[in-house]
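In the two assemblies presented below, chain A is common to both, partnered first by chain B and then by chain C.
Up next is the complex of A and B:
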């Protein structure tokens, strides 16, 4: 069953198109990573799903209903980011109790255990927490709410590495016990690789790729070697990334559609064939130039 | 994971009790502003009468009018405040839609209005008590009539609640377009200078109404209209952009 459906969804802020006619569906109980460069519309997309903002055109259905201003969407979803706003008059413990009254699936025992594990003081206030602590507290609320649709928009902002790892692990463990549809946007794809099932890659306001992460890991290959032996293999193919190494050697990334025979032939020619990490590939795919930041420094 | 159904009234109830706790600062500022008003009223409104026979009577009139006016001012400010972004965002952290958010706000304002009306009306007796204890004066008080006392509370609550609805509408307009921050004061002050008769007419229409039932109808309809307008404005607003 698909829980989120978008058809030619567009969103514009003051005539600037952020999302441009995107279409995709997200199946129930999948963990999807929403990946893309800064300002590509990840947050906008997630906020439309949560019913915070209105689509400009096109159609979006969350749990078969339009999410904007929809109580049904609101009770079945939670949107977690570092901007989550809590009343300053309430202590952290009281905030958890408030969340319990609102979210029907809320697990207070679980929330308290996470709360204790991350050393929160029940008598503290949300607005006195540091950046990383704020994100951690919000993440606790997001996991313990057990909403059928759980949306994390860059949940790890400010968290240190240990907490980030704990967060991903807690999320995965709780997901296994209580499967739900989870969307995470983050810039730490390499940390999330084991968590994600699908990747939704946004570029220029469009869905560039929407494939399982296992496919993404094999989606491209890197060819490294003397330029003269590497470059012929890229003819007629789209080069995702190209980088000069030293004087003659070069490294290119192309889509992995070479046959076994071709790969063997390439190896004979002295080309080193390497897999491309999913996180690197995402950077190459979403980049507008072939050489990355190095392009800025050459041919000046 | 099992899906939950949402009921508007249930959600409003939850939000209302959440807001009573979350907006406790508003209630404490009500207490504070009323204390200040009592302080201002302590002097009373003074006067003296003298006759040709050399008899002079000095009197001070102690009333809670200033407290009521201050409470109305509190109502205006509080109503505007809870339409601002942070307050709306608090709702959207949890379960809400725009209608339930506004309805629970209105319930909260109604609670504040009732509370403010009760304390403002009671403060008259506090003033008289203070005058009796600390001033070397004879204190005369009108007879205490319970129905009149209750009527006083109801009417003050309605006035305060009506002011709330005006504040809520102003707040909603400002959320749509920031230029209303300037426009609204300009309109109000402008109407004082240009058409004095408008304000006088408004005052006569609402305050000078001798028939309680008519007063009730007038003020309730006005309040309801203001709130309806605000709800329909806020219903289209995007949050957390």
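Up next is the complex of A and C:
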């Protein structure tokens, strides 16, 4: 069953179109990673889903209702980022109690255990927390709320390495026990790729790819070797990334549509064939140039 | 291969695997299904996945015709690059064999 449906959804800020007629559906109880470069509209899209922002045109249905200004959506979804606003007059402990009254699936015992594990002081105030501690506290609220639609917008901002790992593991373990639809946006695909089932890749205000992460990992291959032996294999194919290494060695990334026999032949020609990491691939797919930052330095 | 699992023994469920390796349960299920498709595991409805009777031979055959063959090919390629003669290569292989104490 699909819980989120978008049809030709657009959002413009003044005249600048951030989301341009995007259409996709999210299935129930899947963990989807929302990936894209800075300013591509990830946050905008997630905020429209949560009902925080109004769409400019097109249609969006979350749990079969339009999310904007909708109480049903706000009870059944939670949007977690590092700017979640909480009443400054309440202590952290009181914030947890307030959340309990709002979210029907809230697990207070679980929230308290996370709270204790991360060494929060119940008497502290939210606005005195550091950047990383704010993210951690918000993440606790996001997990313990157990909303059918759980949205994390760059949840690990400011968290240290250990807390990030703990957060992803806590989220996964709780998801296994209590499946729900989860969307996570992050710039660090490599740290969360194991957690994801699907990837939604945004580029230029459009959905560039929406495929299972396992397909993304096999979507492209890297060929490395002497330019003379590598380049024939790229003929007639779309080159996603190309880089000169040394004098005449080349590394190219192409879509993985060579057959086993062709791959074996390439290997015999001295071409090194490597898988392309999902996070690297996303960088190649979303960049406008083929050589990356190195293109800036060409012909200097 | 190491005998961690015996034939007809139940293997970990997708949820156990997901927790063990912090991976998405759907990914774990895909992995189990690949093994089932290759005949290394078999499904019992409602009970889970079990190790097939001939899983060990099955894996051994696959590695012989796949992985080992490719390793040998790379070995030959590398020795050509280094201009090692056939005799030298054979001697090296033999030396490695005796070191392992197998012959």
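Basically, the second predicted complex is superposed on the first by the 300 of 300 C-alpha atoms of A that agree within 3 Å, B and C clash if a C-alpha of one lies under 4 Å from a C-alpha of the other, contacts with A are read in each partner's own complex, and residues count from 1 in each chain.
By our rule, contacts are C-beta pairs under 8 Å (C-beta built on N, C-alpha and C of every residue); 3 or more make two chains touch, one makes a residue touch a chain.
The model shown is predicted, which means the values in this text are computed figures rather than measured ones.
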Could you tell me if A:272 is touching chain B, chain C, both of them or neither one (first, second, both, neither)? neither
Thinking of the overlay built on chain A, is A:105 touched by chain B (first), by chain C (second), by both, or by neither? first
Which partner does A:214 reach: the first (chain B), the second (chain C), both, or neither? second
Would you check which partner chain A:84 touches, where first means chain B only, second means chain C only, and both and neither mean what they say? first
Partner chain in contact with A:69 - chain B first, chain C second, else both or neither: first
Looking at A:30, would you say it contacts chain B, chain C, both, or neither? Reply first, second, both or neither. second
Kindly classify A:196 by the partners it touches after superposition: chain B alone (first), chain C alone (second), both, or neither? second
Identify the overlap between the chain B-contacting and the chain C-contacting residues of chain A. none
Report the residues of chain A in contact with chain B in the complex, numbered from low to high. 13, 29, 47, 51-54, 63, 69-72, 74-76, 79, 83-87, 89-90, 94, 98-99, 101-105, 146-148, 178-180
For chain A, which residues count as touching chain C in their complex? 30-31, 168-169, 172-173, 176, 194-197, 212-214, 267-268, 270
Which residues of chain C touch chain A in the complex? 15, 18-19, 21-27, 30, 73, 77
Taking the complex as given, what residues does chain B use to touch chain A? 1-6, 8, 11, 14, 17-18, 21-25, 86, 89-90, 92-100, 235-236, 238-241
